[in-house]
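First chain A sits with chain B, and in the next complex the same chain sits with chain C.
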Partner chain A sequence: MPPLELLLQQALNGVMLGVMYALIAVGFTLFFGVLDVIHFSHGDIFMLGAFAGLSALLGLKAAGVAGAALALPLAFAAAMLVTGLVGVAAERVCVKPLARSSPLMTLLATLSLGLVLRESVLIFYPRGADPKPFPQLLPQGGVEVGGVAIRYENLAILAIGFAAMIAVDRIINRTRMGAAIRAVAQDPEAAQMMGVNLDRTVDATFFLGSALAAVAGILSGLYYSEIHFIMGITGGVIGFSAAAIGGLGNVYGAIVGGLLFGVLQTTAAALIPRGSEFRDVVAFAVVMLFLVFKPSGILGEKSVERV
Partner chain B sequence: MNHLSRRELLQGATALGVGIALAPAAGFAQKKTVKLAFIGPLTGGTASNGLGGRNSFLLAVQERNADPKSKYRYETEVLDDECKPTVAVQAALKATSDPAIVAGITHYCSVTAIATVDTYHKAGMPAMVWGAVLPEITYSHQHVEITRVNGTMINQNNVAADFAVKTLGFKTFALIHDTTDYGRAHAKWFGEFLEKAGGKILSTQGTAKDQKDYTAELTRAKGDKPEVVWYGGLTPDGVRVKVQMDKLGIRAQFQGTSGIKSDTFNETAAAAAEGTLCFVEGAPTEKLPGGRKFLEAYAKGGFKEPSEAYGPFAYVAANLVIDAIEAVGPDRAKVAQRLKRTKNAGTIIGPVEFDEHGQNTVPLISKYVSQDGKWVLWEDSEYASGKRTLPGLKFKKM
Partner chain C sequence: MALVLVWAAELAVFALVVAGILAERPLPLAATGLAIVAAAVGLRLRPGLRRALVAAFVAHRRAALAGGALLALALPLALRASPYWTFVAALALLYVTIGQGLNLQIGTAGVLNLAGAAFAGLGGYSVGLLTVTAGWPAWLAVLAAPWVAVIVGTLLFVPILKTRGHYLALVTIAFVFIFNILMNNFEFTGGPQGIKNIPTLRLFGWPFTAKPSLLGVELPAHANFYYAALVMASLTTLVLRRLHDSWLGLTLNTLRDDEIAARCCGVSITRGKLLAFCIGNFFIGLGGALYAVMVGFVSPPDFDFGYSLVMLSVIIIGGVDSIPGVVLGACLLLPLPERFRFLHEYRLLLYGLVIVVMLLYRPQGLWPAAIRRYR
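Showing the complex of A and B:
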């Protein structure tokens, strides 16, 4: 058994990973909750958010705005706007027209869109094939508490991540649009009869979920100091799995699922002999167990019909 | 006597005009067209190396097409293997099933090169590997079709282990490698040579290729307090291991394989790259016998991407294949026989000579250190001259 400080360090590593997974998972769960669709290009929208954030930061730097206090919020805003709009466009192109087709068609269309986004970054972003360095804008350095290295950067990332989750919670539970989203998720027809504008609500849901993916993308860039055009592939699969563990359709479930997935991967690599080779095997085996024995997930609805 | 009608006169004049206009093209077209395939990773994590190789291959073909002495006009078929075995086999099948393609300059990634060996053999198409370093690609069979212009990882790891232990004095190592054939074989050979040299392996951890997060593995390694963290894998993952190693405050030297020797490593890892060690077969492009000329021609070619470490090998492979076609004609079997017997061929990487397995016997391994954002030959570096101290040696003194 590794010493306590290493276990605590691994727990912190897991939570850091989990926060980013959770932000992606919330998007998946919002889309599923409102439209019963699995939006498989969401992972690539996460990647697009990271690249949009990087482009915004480089643009701001070129324009003379170099201070992190101003540049970072602007980059977050720009990236969230870009991914939000792409998310809405994705819904209008790949989801809405296929509403009456088999769910497989939506799955295929969103998968294809993800590929288009990924390859577009590869082709059109300057030297898109290479991993890109991401500016270190958060405070560097840190403290060591009982042998656990805690970087200021990590604290800032956790703070931003949890702030984003709280903001989603507030939007869903305290705003008119949030009420509309909840109403549509429960019963779209009844919601429409009560005067909810379905199209606008769906747009808002896709904007919100996709904007959150941008937050995750930028946080990933800040945490790893590097982004790459293929980051959305595993990001998407894990985000979806985290949403499934937590219970598709439940925002809090997605957050719990994301954190659990991050901790599972890290624990597997840290504690099992040759665990680093099996970290994904362990994490995805848990997903399979959930799908078999508790398909509604940790906090999901009792009914399995949606899944 | 028939009088020519105005229409006939017009037709005749048009035919004459077309004939005159096409005359130079017809002369050009007299050369028989021969097709060559290039296969490498053009998308995915290692695309920068694949694109550098492709450009270098295209440069060789362009130069040969511009040479009036060449007997054939060369066309190219560029295929992407995505550094994935299944995609590579599809690409190899596509190339081999086109009878117009005489030979291929094939694969940067070991996983793709080893997966396609039998495909080329069954089709009888000569394939010269330009970047993959797994020994089994040439040493696991007797196929005449497979040759390799770059060296294998055996010599590379022998030099790397000896250098780290005997020259630099490091004793304890934490090994992390990707779980592809490439990473595993590197870890195997490096581990064997390390123990022979007197080094001690504290832990060996395999990780998925294109893994994003290495904090768990690095934290586990940190617990053993190694003097060196060694990574067997390619650039994108190598960047992540090094950057995350620094963020976790691991006080150890970072050492990689030829897989991280790319401009991208230095550009992406930025300040974290400083003092990283890696080992590559051959010599730096600019120090190769024809390296300067190659780099000048490459710059003139107007390619968007740099040639990267293995570009010169793709260039040489293309030239050797074309030389063989010029000598024996565009016949797959004859070209394969000819290539396998290559002895003392003068190229920009120096003389190329294949052993009985079609493996170029490259004796030289170059040691590199990252200095101020560039890979510098160890002997030319300020680390070797004593002006700077490697991070791992600094930590040892602390």
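Showing the complex of A and C:
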């Protein structure tokens, strides 16, 4: 049994990863809520967010904007705008036209769209096949509390991640658009009869979810100091897994699921010999078990189909 | 008269395909391109001709099949100058086998399987382990390997088959990733290097690396595998055609279309889905097994998620639940990118775009499934 400090350390790292996963998972769950679809290219929109953020940072650096305090918020804003628009475009082209046909169709269309996004970055981004170094803009250094090393950088990532989650919570629960999103998730037809503009609400949902993916993308770049065009595949699968564990359609479930997945990964890495290679195997295995025994997720509603 | 029309049409398609593959210099290339465009436009503009062709094919089904079989047998003769294209043709036939298996799962039974690459990989790796580590003869390993895919699939998926579309998609995707990570990290599978030096097939003392000769013409060694894959693909297609037309195929269709209604009619969902899943995995694993002996080695990147998408595209392009569609899809999708090598970099991008466009504008595929006919 490894010492307690190691476990605590791993739990902390797990929460850090979990925050990023949760931000991706919230997108999956929001989209599922309004349109009942799984938007599989979401992982690649996460990747696109990282690349948009990197480009913005490089552009700002070239323009002479020094200092993380100014450059980073601007980069976040730019990346969120880019992915938000791409997300809405993806929804209009690939998701909504197929939403009424079988789930297989949307699944395939969005999987293929993800492939297109991935390959576009590979081909059209300068030297897109190589991993790109991501500038380290967060404060370095750290403190040690009871044998657990806490780096300022990680604290900043946690803070940004949780700020984004609180913002989502506010948008969904306190704004008119949020009320519209909730209404459409409950019953699209009834929402329309109450004067909710369905198309605009769906657009807004996809903008919001995709913008969150950009936040996750930049955070991931800051955390690993590196981004790569294939990061969206694992990012997407993990995000979807997290949303499924939490219960598709439930925003808080997605957050819990994301954190759980992150902690699972890091504890697996700590507890199992050669665990860092097998951590995803363990995490996915747990996801499979979850779906067997609790298919509606932690916070999902149990659905009963009536004929 | 109609018989002549059938054979002439088949011969024309054969000639266009061979010319399309082999034409290299600008003039023949342009001529072939023009001929293909002319044929397409001609069929479009002359509905009378099109109807006559369809009627002739319907009336002389057996003759058409025999002619097609003869031409498929003759293809290596036409491609004998190019071992590479013989290989590609064999690969396309492997994808026919794999695609038929996957089509039974996704198209007929509606069991979404995005782990095609992993099940093909289970077949391929089993062949590698059985021959290299356990010393089995290759043909026995190829026959045994698909069962590994079936057994692993059954063990892992029995509990999950009851869950619906989205979750099954997630679990199968996760399975591809797990398979890849495990193959990359296990010692006994050779890690990232995979398994090398898989012995080639040997039938009645005839090694598949020797160059066969047909009608006195020497063919490239890959022609052996072409014929093996042709036999396999034809048998698979025949078996699954019969299965699709049987009561079982109809049962699986009802499962796909409305689970609740199917249950009300006394169809067991778990049993039907499991049956389709196992039979499909058998053929996917068989394709992977033959791939392993054909190429001579297996490694993790040969079976990653991207290949699952290629297998899916075969079905989508051909037509979901359409048996001839799968054949058409595999024979188009595998060779075309090889032909346009200058587009190699953009290959996957184009795959993705083609599938999106197909799904939006022609979701039934190039050769849509026919409505069941009962006589």
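Everything that follows uses one rule, which is that the second predicted complex is superposed on the first by the 300 of 307 C-alpha atoms of A that agree within 3 Å, B and C clash if a C-alpha of one lies under 4 Å from a C-alpha of the other, contacts with A are read in each partner's own complex, and residues count from 1 in each chain.
Definition applied: a contact is a pair of C-beta atoms (placed from the backbone, for glycine too) under 8 Å apart; a residue touches a chain by one contact, two chains touch by 3 or more.
Predicted, not measured: the structure shown is a model, and the values here were computed from it.
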item	value
Clash or fit (per the criteria above) of chain B with chain C on chain A	clash
Touched partner set for A:Ala190, first chain B, second chain C, both or neither	neither
First (chain B), second (chain C), both or neither touched by A:Val143	neither
Partner chain in contact with A:Leu4 - chain B first, chain C second, else both or neither	neither
Which of chain B and chain C A:Glu119 touches, first, second, both or neither	both
Which superposed partner A:Ser101 touches (first chain B, second chain C, both, neither)	second
Contacts of A:Arg274 with chain B and chain C, given as first, second, both or neither	both
Touched partner set for A:Thr234, first chain B, second chain C, both or neither	both
Which superposed partner A:Met288 touches (first chain B, second chain C, both, neither)	second
Against chain B, colliding segment of chain C, chosen among 165-173, 291-299 or 363-371	291-299
Overlap of the chain B and chain C footprints on chain A, listed as residue numbers	119, 233-234, 274, 277, 280
Complex contacts: residues of chain A adjacent to chain B	2-3, 6, 9-10, 13-14, 16-17, 119, 122, 127, 129-133, 142, 144, 149, 151, 153, 220, 224-226, 228, 230-231, 233-235, 265-266, 268-270, 274, 276-277, 279-280
Complex contact set, residues of chain B against chain A	42-45, 47-48, 50-51, 176, 179, 205-208, 210, 212-213, 215-217, 219-220, 222-223, 235-236, 239-240, 243-244, 247-249, 264, 267-270, 272, 304-305
Footprint of chain C on chain A - complex, ascending	32, 38, 93-94, 97-98, 101, 103-105, 107-109, 111-116, 119-120, 123, 233-234, 237, 240-241, 244, 248, 274, 277-278, 280-281, 284-285, 287-288, 291-292, 295, 305, 307
Touch list for chain C against partner chain A, complex	106, 110, 112, 114, 156, 159-160, 163, 165-167, 169-171, 173-175, 177-178, 181-182, 184-185, 260, 264, 305-306, 309, 312-313, 316, 320, 345-346, 348-349, 351-353, 355-356, 359-360, 363
